[in-house]
Each structure stands twice: as C-alpha cells, then as structure tokens.
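Two complexes follow with subunit A in common, the first pairing it with subunit B and the second with subunit C.
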Partner chain A sequence: MDRPDLAPNTRETRVEKLPSVDVVIIGFGWTGSIMAQQMLEAGLNVVAIERGGWRDTPTDFAPTMAPDELRYYWRHEMFQETARETLTFRNNISQTALPMRKWGSFLPGSGVGGAGVHWNGQTFRFLPSDFVAKTHNEERYGPLPTGMTVQDYGVTYDELEPHFDTFEKLCGISGKAGNINGEIVEGGNPFEGWRSSEYPNPPMEMTFTQHRFEEAARGMGLNPFPGPSANMSRAYTNQHGISLAPCTYCGFCEKFGCGNYSKASPQTTIIPVVMRNPNFTLRTNSEVLHINKHPDGTRATGVTYIDADGRTFEQPAEIVIVAAYQLQSTRLMLLSGIGQPYDPRSGEGVVGKNYTYQVMSSINVFYDEEYTNNFVGAGALGMIVDDYNGDNFDHSGLGFIGGAYIGAWTTNARPIESHPVPEGVPEWGSEWKRSVRQNFLKTASISVHGASMAYRQNYLDLDPTYTDHWGRPLMRMTYDFTVNDRRLTNHITPIAEEIARGMGGREVKVNSREGAYDSVPYQTTHNTGGTIMGQNPSESVVNRYLQSWDCHNVFVMGAGAFPQNAGYNPTDTVAALAYFSADAIRNQYLQNPGPMVQA
Partner chain B sequence: MRTSKIILAASAGLAAALTIAPASAQNLSFSQVERGRYLATVGNCAGCHTDEVNDGERFAGGREMETPFGSIYTPNITFDNETGLGLWTRDDFYRAMNEGIARDGSHLYPAFPYPYFTLMPRQEIDAIYDYLSSIEPVYSETPEPQFPFPLNIRQAVMGWNLLYFEPQEFVPDPEQSDEWNRGRYLVDGPAHCGACHTDKNFAGADIEDEYLRGGVLEDWLAPNIRGGENGGIAHWSEDDIVAFLEGGRNDHTGVMPRMGEVVVLSTQYMETADLEAIAIYLKTLDDEARDPVEQPSEAIMTAGGGIYFDNCAACHASDGTGVPEIFAPLAGSNKVNAEDPITMLRVILEGTLAVPTNDNPGPIGMPAFDWKLTDQQIADLATFLRASWGNSAPAVSEGEVADLRERLEE
Partner chain C sequence: MGGRTDLTRRAFLRHTLLAGTVLAGFPTLALAREYRGGHQWPWESGRADVPHYGLETDTFLTIGERQFVDAATARLIPSDDDGPGAREADVVTFIDRQLAGFYGRGQRWYMKGPFPEDVLDTQGYQSEYPPADLYRVSIAAIDEWCAQNRDGRSFADLEEAEQDEILTMIEEEELTVTGVPLATFFSLLHDNAIEGFFADPIYGGNRDMVGWAYVGFPGARYDYRDYIAHNGQAIVMPPVSLMGRPGWTAER
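Right after this comes the complex of A and B.
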C-alpha cells in the first residue's frame, strides 16, 4: 500500500455509540427528506445521514455560477465520486465485471437533495396497469415468456393516487390533466390513471418544436399533451409555505442545480421545513457502512457510519429508513445481510433481483429555414404522446409487453453538451464545425422513453474482487438489453420517426438503440429493482409498505422497489410510494410495531 | 427536567424577596406573566439581550452592539442575583425602562432604547418585570463597553439626557381612532421602530424631522417606512405591512437579515390586530415630495441597463416588476429610491437572504456580485435602477461603491 490514504483499514476502529433516536434515515434526497418530514410530523425524532455535503440554492446554485457546463456537465460535480466508490459492470455472467471509472450511461447523485437537485423534472405517474404488470399482461396476452420475471407491485394505482397528488402539490407540477375522477379531459393524456384534481400549475409555454410535434402527432391520430413538469410555469407556494419562482427557460436543469427556485427539488420544496424542526438532525459527509441487525434477526438496531474525519459511530434507532439511491440501497441491504441475495442460476433469493433499466432512442429533426432556438429550454418542457406506452395499445402478436412515451422535449442547447448534426457528418474537424454552426439553432429532438421488463439474468450483487474506499465490496451490475427491450424499441422508434418526419424539417436522423447495453454513452439515470416490492417474501425484498420482510423496522425507499421499469421517468412514483409507506408507518406500524403484512 | 428548572427560578426569586421584597414568582398570575411575555416579544428584548452569535442563553445578554461611538455589550436581564436583575425591585426596573437609570444609579447608554420605553405605562413595565423574573436565571457577566473617553464615563449620559431626553408617558391623540393610537404607541413605545428607522444626530439621538424617514446603522439603511403620500412605503397597503411583519414577505419585498431578526423574534408572534394598528398608523404618515433628480446620461443608462438585463432580469424581470412574494420588485422599492443607496449597494455586493419565517420557511437568496461586477459597473447598475420604471434617486458614483466595498471587506 503506497497510498495509505486509500488503505481501507486506516480508519479508527473504535466505534462510538450515540444516543438512540426514533428514526434514522440513510440518504437525504427526495425520499429521505419526504420521510423525514413525515416522521417529524408524527412527533418522532429523526436523524438523517448523508454521505455528501450540504447544498442549498442561495449558497450553492446561485444563478451567477449555477450554469457552469464544465463544472457540472463535464466534471460531474453533482455526482458520486467514482474514485471513492463506483460499481463494476458486465453484460452477462460469463464475463468478468470491471469498475466504471467515469460515469456514462447513468449519473448517481450525491449530497443533500440527491439526484433531486440535478434532475430534469419530468414528473409522470405510472399507469394503473404498470402496478399489476404480471396479472394484467397475463390476463390479456397469456403467460409471460420464460425467463421474464415481471411481478405485480402489491400496491395499486388507486391506493397511490392520493400520494401522487401530495407529491405533485409539493412540487407544483405544471401540466394538464387528462382524466379527472374518471372523466376524460380534453388536452391532457387520455390514457393516464384518474386524478383527484387538476395539476397545481398550468402547462409550461411551448416552443416551436412542441407546436410542430403536436401538429404532426395529431395528424397521425395520436393524443399529444403537455409534459408534466417540475419546472414552474408560474410562481407557486406549496403546502409547506415554500415558494417557487416562474421558470426562466434557461435550459440548465439536468446535471445542474436551479439558481432561480424554478425547479422542484428537496431544497426548494421540503428540506427547509425539515431543517427548522428541533427534532431533526442532519449529519452530512457521513457514510453509512451497514445497517445493524439484532441477534434475533427480526429487526435492525440502527446503523454504523463514518464521518468526514474517519470516526466511526453507531446510531441506534427504532426505525431504519433506507433512502439512498437505488444502487446504493441495494448494496447496503447486501452488505448488511438483510434478505437473501439473489442467485440468477437458481432463481432463488431476492436482494439484487430484477434490476432493470430503460431502452432509450431518439430522432433529430433538422430545419433549413426555421429556428428552433433550443436554448429557450427547460428540463421538462415538452409535448408527449402516450398512445404507445404501457398497455395503451394492443400488443397481440408483437412479442413484447410494455411501451414508451414519445416526447419532444426542449431541454437545452448547452454548447459543450448539445450540438446534434445530421447523418453522415464527420465526428470532428472543419466539416463537423460547419455543420454545428448551420444546425445549432435549427434542430429538434424526439425521444422514445421505453420500459424495461425484468429478466432472470439481469441482477445486482456484490463484486468478488473490487472494493470501495472503506474496503467494502463494490456493487456488481450484470445487465444487457433483452428480447423484450429490442422488440419494444424496434416497434416504437419508427412511430416516433414518422412523427418526426411530419414536423416539416429538411431531414431526420434516427438514433436507434442497437447492440448490447453499453455503459458508456449516457442513456438515463432510471436504474430500478434490486430491493423489489411484492406480495410475498419468496419473490420480493419488501412488502407493499416498503417494509423489509426480514427486519420489520427497516423500510427501503426508491426505485429499487420497482419490480420492473415502466416507460416513464420514475420520480413521481418513487415519491408516491414513499408517502404511502410513511402513511402506513404513521397509522399502523407505530401503534403496533411488527410486520404489516403476514408472510 | 422542566419542573426542576421552574422550581429553581422560583427559589431564586424567593431569596431575593427575603432581602428586598419584590414579587416572588409564585405570586405571579399566569395572565400577568403572559402579558409580560407578549410585551417582551413586541419589544424584542431577546433580540439584543441574547448573544446569538456565540450561542448565548436567551436574555443572558453579552451581544456586541456596534454604535458609531464604539462597541457596547448588552446586559444580562435574567434574574441572576450576581450578574443579572436578581436584586432589582419593580421600582428599579421601572426607573431603568422609564429614565434609563440602573439600580445602582448609573446611567444606561441610550443604545438601550429607554427613550422609547419611557412611553410605556407602569403596569406594562411591571408585567415585563414579572415575566423576566419567571425565567430561569443565568449567570453571565457582561463585558464593559469599548467606548473612548469621555463616553466611557457613564456620567456623560447625564448630559445627553438633558439635551435629548425627557421621561414621558404615551398620550393618546383624541382626534385619532383607537387603532391609530394603539399603532402609534407600539411604534414609538415598545416596538421602538425609530431606533433604526429614524436618522440620528451626531450624538445618536433621534432627529425629530427625520421621524421614520430611514436611518443608517452598521452600513445598513433601515429604509423610510412612512406609509402616507410620498413616504417610502406609500405603495404598500395596510395588508402589505401586516403580511411583511407577520410572515417576512409581501408583494414588494422579503425581509433581509437585519429586519429579519425583528420579524423572526418579534413581529411574527404579535397579534394581528396589533400589526394592523401599526399599519394603520404608518399609512397616515405623509412625507415631503422629493426634489426631482437629474436624469443620468444616456451612456450610463445603456451600460446600467445592459448589466441589469444580463445579471438581474432573470429574477427581477426585465421591467423591474420582480416576482411578488419571491423576488423583490425594484420598481418603487424604498431601498432603491432611498436618498442613501447603501442598502442596495450592499445587497448587490454581498447578496442577501429573505429570512425564513414560520409562514415562509423557504430561504430565498440573492447571490453576491462583488466578485463579478466592478465598482463602476455596480455604480452604473445602481444609477440605472434609481432612474428607471418611475424610480427617482440620485446617481451613484464609483467611489461610493469602492468605499462601501472596502468597509465591508474589513
């Protein structure tokens, strides 16, 4: 060891035991802050432990410095440092997984607010049928194919509806309802599940691209609607009295903090009320090593963590809420020995099972005369069609289930990151530069946001070779696109192309998703599964309340609970599940601590 | 735990009673203590008498107060026998509040706003006394003030009092409504608004003609808060004033740290009827029309406008209307229009924060521009703002910005 700072055993071995608290929360992003607020409201005292640092809008994302592409896009300032901890990747079990040393395909966040700081703000609800994917598809199309391990969530859309509503009001989502209490409403998404109320804010102002997309989609008989957006279409004050300002359409959302209080994030919606509560303590730059199990194995006693000075603490707690990112939550469960690790050979075990992703493709449209001016953009400024999502269309004979939304988002024209050029243009040199100049203000982009179904061979486990800076095994990801993914994207991408061709441009360029899954090019940070929810302990890690089947006082938040991934951005569903879990803890668990579902 | 503290407080009171016979804690009725608590909140006693910066105990004093004459440290006003008011009788306390004379006969420096508290009737001051006596005593010594000679001699205050002070109780104006009189009493008495919002003479006493027309302290301008015609908040409604004092935000501004302390510790806990009374009173205070200001040169307006559009318009809007309740409108702002531009320059240089309150817990902040804009750019920007959208205030020079920048860097 010529690098003693990297030696895993340099930290102090003495463990200081802290006074017990009611609730300890691991991670302080969206679900961590929601659960903190909910538990505090129930009168409990709460400690949240966040591995990253404190960040807030006025101090860290001031508009004078927030839009810094080099710092945030290229140098990944918002993301987990791979030098401290990363994961290893392989496409299948015959390969040897290697560590990802620079993020690519997805961007795990770190720090207060988590990925909720740097998201785009595209805030969809999953479809009612998504929550009963197995039952629904089998009823309509017969048994699932061999190897597909799709499951029902164990919770229904109807049960989650009030919690979707709470989160959308927390964030001030801008949008147009398509179904209010069962009545189809003109201008919204006619396929969506019922909503108890209209969106709290009207849709964002659409630009040239959205108008053209809407026209083209309508011409094909499709049903375009404004993308539900956590970027504010007007000034808004949420249920906690916290105000958000109208979006300026500056085009710096994804990978950036918003300097204008215009994007809903934990900081701009809920953290201020949590921080004011005297029963709350936040410990930043502190990383949980593992959850501690009681010798009888039926519950956890708290967590062990290391602070920035390398001191190790045991934080006892009555309730442990795991609210790290999906990859990290799965890893913590494995490192803590809670739940049986999944084995793809036997299909036995549950922790790490049903890792899924999404299958993304896109089409660029290039114009000669018209300006699209994409620099007037926002993370969730878009028009969407949902006609080919979930089970909104007949899959008979198609050989796949699930679907994708097709959307014309105008998220940005950030010059380092975004400069699409037509087919056939070289990737560098004077010809490339000429083409960038010609097309920079004259392109539109259509994306296809495809669902991903769980298969037996795609999973997460602990790497046998590589360790993190504390000497713990890294997470190992074993993943490749599946036959369902390929058929799905091959079916829906051409439909998106047809819309694109109807948008009046000079030419289009189709960026289809082909070949094996590649962890290098960015696709989406919608990693799901690993701590899946379900109806029984033999096929899930947590029950419908996100409560561990093994340790009844451990609750695991996040997209890790998704048994498979839908064709939408996950945040709304992640948050609704957190509120649903909080409601169960407050109204059932606290009265009678123990398993809330009998196995 | 709580109970034992209360017993401790009560026995301390009892010990005092044996020697000098003030009211002992157990004789106090809840309503009297509660009345005192409310008045102490209105007067924001805790604001000055708590050393917040050093995590001092509430009311135990020790907060450093900068005055133009040197630093002064607030005394401990808990009822600790050695370091606080433990041996003070009601009469002692009344004399301090009414005349600015301490128990030992020494004169208190008028940084303690007894020139305002003198308006308070005896029963109200007794109620504050009773409230303070009910709080757990804290042993905490007060550092000596750092005043130069001759101000370090407390007798000097006697001369000050002769010139600028006369003990007097509030006299209602029979021509005005009860609400107006209540408002005036609160503003001029316990809430002592003029302590900051009225300009001071060389000796630190209120200038009568400058009543609530704004004052500068510690390089902040407490703006003109006259609400009548030509007043600094002529464009605020009574509801706006109440909303600001109650929640720290209204359509025109968000409360910044100095006044934020007052809102957070005091006014947000005041009864709405009292805040309405203050609003009614302030809205009757007219001001003199100001002399028209020379329009800045085309070149300055172009430069300042460009700087504004690039740096400020995303939040404050290209026409200066801001986002009500979130980003302060600059059109009509009493800080932008103030004769003395110090607050606006300071906010541009250092940035600021709309202080979170119970009603508005979200922290809305403005970033600092000191690293980004030169003195000349800030001067041009400020001049542009002071001559745009109906604003009218004198131009700002590069030197003014440079001086302030230097002072703030110290």
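Right after this comes the complex of A and C.
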C-alpha cells in the first residue's frame, strides 16, 4: 500500500523546526500523563502535544456546571468532534463504509486528561489467563477455530502485577482483594490473579440494588464481590502526594468530569506532579499529523504537528510516545507508514489487525414497591460476579472461549439517557410517558460485560473516500460480532437473567445482544487492537515493551496493544502496560537505545 | 518559543484574523497554548467554562414550523391526566433554540459527502441535512402531504388521532417523500422532544422542572451521601436546576 499523502490541507506550508527534546508524547490523556511522569522522573525533558485544550476541575467541571446532561453527553462537549475527525464504518468487507457523522457506540475523548476525565472508573485487572489466551485455551480445549486470530500478549500477569499495583495506588481504587499473594480472601473476587496487597481504599458503600444482587447471586452459589472503583470511598492521598476527596454518589460520572476531585483522572492524580516539573512542556490545541521516520527506517526523528493558529511545526525527539487513544494511535501509525498495514484477504501485515470490542447485554429488573433511586449512584458503584469470566468455568463443548463479568452497577438516573420501560410499552405517547414515570425510580440494571475475540475479518485501515478536516483519509472500521461473541453472550446472558429473577422485582426485561454490530447505540468506549503487541514482528506491531518492531524509538500505548479484548474494562491493564513499558525504557532502553527484543 | 512565562498565549491577535479551513478545524475559541512545567498551575480566576444555553432571541423556526413542532411533540409527550407533557415543558422553545445554535447547524458533526442512497441500519445518521435544515425540509414535506391528503389542513390543524396516525406512518416508513429522509427526521424529533422534556431548564425546555418533578428526578444536587442506605424507600425532594430553584430566590 502506498504511503498516504501527508500534506495537510492548510494554506500554510512553512514548517517551523523546533529544538529537539528527549521525549515527545502524542496525546495527554491517561497514558500520556503516566508516561510524562515516568520520563520526567528519569530526568528526561518531555514535550506533550495535545489536540484539545487545557482542562481543570474548577474551570471545566465545577459542581455548579458538571451535572449538565444535555451539554456533556448529548452535545458531546468533551468528546472529539466528528467534524474534525471521525471514522468510517461498515460491518463487513463487501459493504461500503460510511462516516460516523455523530458519535454513538463509543465516545473518544479530546482535551487534557483524554477520556480519563469522563470515564466511569470501573477498574479491573485482566485475568492471568487472558494474557496467554492462545496457549492457555489451546492447551485446555485444542486448536483455536480457523479465522480466529487470538494471540498471547507476550507479557505475563506476574510481570505486570507490580504495575497494576502502582496504578491502583495512583488512583486510590476502592475495592476488596480476593487473592493476596495466592491466599483467597473472603469477600473479594476468588478468581482474580494474585495481588501483592489489598486495595488502597475499602469498597464503596453499596445500595439497595447491590444488596439484592448479592443475595440472589449467593443463592445461586456464585461469588459476588464489590466492583473495583476509581470513585473514592474515602479521602485519599496517593504516592505523589495528590489528594482526592470522598465520592458524593452524584450520579454524573461517565461522560462527565467530576467536580469533587472524587474520581481518579489524570487531573486528580498525576498531572499536578507533571506540571510542577520544569523539564516539562505541554502544547495544547495542537494536533500531531504524523510521526517522522528517519530515512534509514529504523527510527523516528520526531513528530509534525499543527496548532490552532494554523502553524505547522516539526518537533524532533529522541523518543516518540504515541498515547493518542487506540483509534487515533492506530491511525497515526497508518498515516506515518510505520509497520505494514494489515490486509484481511492475505492475512499479511499488522497495523490495524485484530480490532476487537466488547460484547454487552443487560437485564432490567422492575419493582412495584421498592425504590432503586438510581440518581444515588456512582460510576463504579456495583457488585460483580466473575464466575463466568475468562476461563473461570469449563468451556468444554460450549463452542466459545472467554467470558464476561455480570455486574449490578448503579451509575445514574440521568433522565434523557436512562428511562427504561418494560417489554411491550410503546416508544412514545401517553402510555410511554406513564410507564416512564412508574419505572423511573424503580429499576435495577444488570450488565453482562463480554470479552471479544479477534477474527481475521475485523480490522482497521484507511478509508479510500472520506477525509478529515485536513483532507487526509479517515480510518475505516470493518467490524461485526463473531460466532464466538454470539455463543458467549447467549450462554452468559441467561445466567444474568436468573440472578435478575432472584432480585425480587415484578418483572424483568432482557436486552440481549442480537443482530449485526450497530454503531448507533452507546455500548462502551473499549476499542481494542490495531497496534497489537506480541512475540514477533510478523504478528504484531509492538513487542512486549510496546516498542515498535520497525522504529525502535516509537512506543505505542493504549488498548491498541491488546491482541483481543477480555471480559473487563480496559484501563487498569492499559495503565499497567504503560508502566511496564516505562520501566523498560528507563532501565534498558536509555542505556542502550535499540530494539529491546530481537526479531 | 522559549519565553519563560508560565502561560504563553501564542499569537492571540493572529488567531483573531484567521478564517476558513483552519478555524473550522478546531473548536471555537481554541487557542494553541504552551504551558511550561515548574510554574503555577495554569488556572485562571473567573474563567469558568459556562455552557451555551441559547437566548430568548435565538430562533430558527417560522411561526408555521413552530406550530408543527408544538403539535408533533405534544403527541410524543402528551399533556394528560397523568401529568405534564411537551407543552408544559415548552419543548418547542427548547428545540427552537437548539436549532438556532451550533447543534442546528450540525457544526460539530461530520457533514462531508458523499451521501450515498444505500445505507445500512448500523451506520446511523447519514442525512446531508444538518438538524435545522432537516426540520425545515421535513416539516414542509409533511405539511404538504397533509394539505394534499387531509383536505388542505396542515399537520397542526389535524385531530390528535390523525396526527398520531401520521407520525406512526412516518416512523414505520409507510409515509415517504422522495428526497426527504422523514424517518430520520422522526427519530431526531423524538430525541429532541425527550431532551426538551428532561434537559436542565437553562436550555429553555423542562420549564419549571416539570419533567423532573413528574418522574421524581432531583436534578443537579450533586451529593447523595446521606441517602445511600435508602434500602428501597422513596426519597422525596424537590428538583434543583443548575440555576437553582424558585424557593431559593429571594422575594423582590
């Protein structure tokens, strides 16, 4: 494939070359801010380039403005504007992809803090077996089916454990350990990988829905535990001396910034330390166009970016860290011609390969007498059951691998978004209106958060037709749920339904995941793959240290590294991988810059 | 570069002279800035990022279009024995202000072509019309259809049962007009009606918080720690908007 035209569609062609720095970071969200702190601690000078603006709690999400459902969720105030850049989408290769003109299924962030400002804070570690999905499942169940391109990560849970621990302490995660150094602990998740220590904060205070869920799940012999939460169960000060305040259960978490300093975000945990360091510079409203390759092709020389004043700059750097979220990081690699683009016909190439997502379903429980009062909620207030996640149960004869957690979260009663009605109620008119009123404060919701396995036909590449606001190709997503996904969700959703039926409501409504993947309804912003990690360059973009196989000074962060997605929210694992990579840069790469794994 | 200031606003004047592609590329008032580490936290007093909630004077709809929107949203969310509807919430004013602003212009949406005819259900909004224009062409097409098929009356003049029937036909794609994506319009109108009933009153709808009071949503209170242990009991409290609530305003 030809290298796409990189010239942005601007009237200014002059490129100003800036003085070189040690490290340039593309994007200043969760991974960008973690890497900035790590590189600064190693004594390097660091420039971070962020396409959105500066954001801080009192200015941008003060309590007097934050709970504004229309502005932040429905008018997308914190998200990337599709007018500037979006993706095109189709379900399969025989169709024509069309642009996502307004967001639906997922919501990429923009601005300082990235999506870390408006996440929910459900903070799970992947299971040890998730990192060796191919070897583990083949050993237990025989060869993977044809077309399934599941791989091992190339890094193990044991290697990542200290880094999970660092991130959880950074964030002050509220939770209950289920396995401390191999000892199973009552009240936690007995299936989780070992932890070197207890969570830094106790679990959140549970409410009615969680009590009912816990009782029902125990009655079925399952093992409920409190959801690990980046909403503070009490005041907390992290390892950098940054303080967070107790969560107020305000019900405006996901899709909103937190006005109380109660949700761990880059702003509330790490950006203050980075901003205090004189070796750091942040440039905002500045969009990186591409990474520049050295003529010899073995390394990058820096990045080219354009700022809001329309000026184009070249920022030379010794190390380039791509931290632009899974979607933009993959696109930047494609636009920069680093790594061979994936071709689903031949199965050759790697950039854009193994795009995966999350297979979600849910069940509503409607009550007659009891009130669930969902406005008393928090982003990660929930009880979880992990008995059907990963390989925590025997898959023999089931025809799929992977699993899902089943969770009873109470996150919100934001009325534009959440006004569930029972089966058979029309979508408008008097009957609908009455049913909304009757059920608004009397509904619990159980979600099934399913893994997504990689298949040959699901991938990302550059679109042949549609362009961004600079006139450069948009990224194209070709994605549909797979046979593994359908069997997985068909197996686990009924188990969640059984729990729901045990919760003492009047009736339940099952929202199964059926039909083709639909880009319209919000599902999750857990896009994964595209810059996958692995053990050799023929099947991955980066090695176990997130280092590009092609350009040894390019490191690609984010869930793009996941060869396939597990049945959990991604960020704890994304952050652990970032810390693991930072550790390798500091302790190996700086002494001897070059490939850290021989191809 | 290089100025040792902790907060450098680059080329402010030059920015104000910008036009065309470059400006369109960045959100309004986006200014490239450089923040040097080691100095103050780059917070500025008195610069809270207030919402654009629209003014009384922001209108897009003509009188006839307002009548349509009023009539149609009153069928989607009727005023009835059970409680207030779109009319009490003043949904039409909410929609009018939204259409007059960035939302109506589709300013933040990707609106570049081509716009092919064949669209998958899974591909979402594919109309070449931004919301305000879609209202305009769709209302004209529906009123025209009503004039021809319902004895010269406009939609707003029809009986409620007739209006329900026509909305259902549009929703189910039984009533179609070439070149006007009426089903897309219906779904947009439906979304906007719900927004106007339930959004914070600063945007002109949900007047006096009638939508919130009707379902029992307490609004923008932001702290429910005292109620976590409600244990299934009702929590009754009047709603609060971002601009407070009537009981808080001093008598004048």
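Definition applied: the second predicted complex is superposed on the first by the 589 of 599 C-alpha atoms of A that agree within 3 Å, B and C clash if a C-alpha of one lies under 4 Å from a C-alpha of the other, contacts with A are read in each partner's own complex, and residues count from 1 in each chain.
Simple rule for what comes next: a residue touches a chain if its C-beta (ideal position, glycine included) is under 8 Å from a C-beta of that chain, and two chains touch if they have at least 3 such contacts.
As the structure is a computational prediction, the values presented were derived from the model and not from experiment.
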Comparing the two partners subunit B and subunit C, which touches a greater set of residues in subunit A: C
Partner chain in contact with A:T237 - subunit B first, subunit C second, else both or neither: first
Partner chain in contact with A:P272 - subunit B first, subunit C second, else both or neither: both
First, second, both or neither for A:A62, with subunit B first and subunit C second: both
Which superposed partner A:E205 touches (first subunit B, second subunit C, both, neither): second
Touching partner for A:T248 - first (subunit B), second (subunit C), both, neither: both
A:Q588 touches, of subunit B and subunit C: first, second, both or neither? neither
First (subunit B), second (subunit C), both or neither touched by A:W428: second
First, second, both or neither for A:S512, with subunit B first and subunit C second: neither
Contacts on subunit A seen with subunit B and repeated with subunit C across the two complexes: 56, 58-59, 62-65, 246, 248, 250, 259-260, 272, 276
Residues of subunit C touching subunit A in the complex: 1, 10-11, 14-15, 18, 20-22, 24-27, 30-38, 41-44, 47-51, 75-78, 80, 82-83, 85, 103, 107-112, 114, 116, 118-126, 164, 167, 190, 193-195, 198-200, 202-203, 211-212, 214-225, 227-235, 242
Interface residues, subunit A side, partner subunit C - complex: 9-11, 18-19, 40, 52-54, 56, 58-60, 62-71, 74-76, 81-84, 86, 89-91, 95-96, 98-102, 104, 205, 207-208, 211, 246, 248-252, 259-260, 272, 274-287, 307-311, 367, 369-373, 375-376, 413, 415-416, 419, 427-430, 433-434, 436-437, 440-441, 465-467, 469-470, 516-520
Parts of subunit B lying in touch with subunit A, wherever the complex brings them together: 249, 311, 314-315, 323-327, 351, 353, 356, 359-369, 372
For the subunit A and subunit B complex, residues of the former touching the latter: 56-59, 62-65, 235, 237, 240-246, 248, 250, 259-261, 268, 272-273, 276
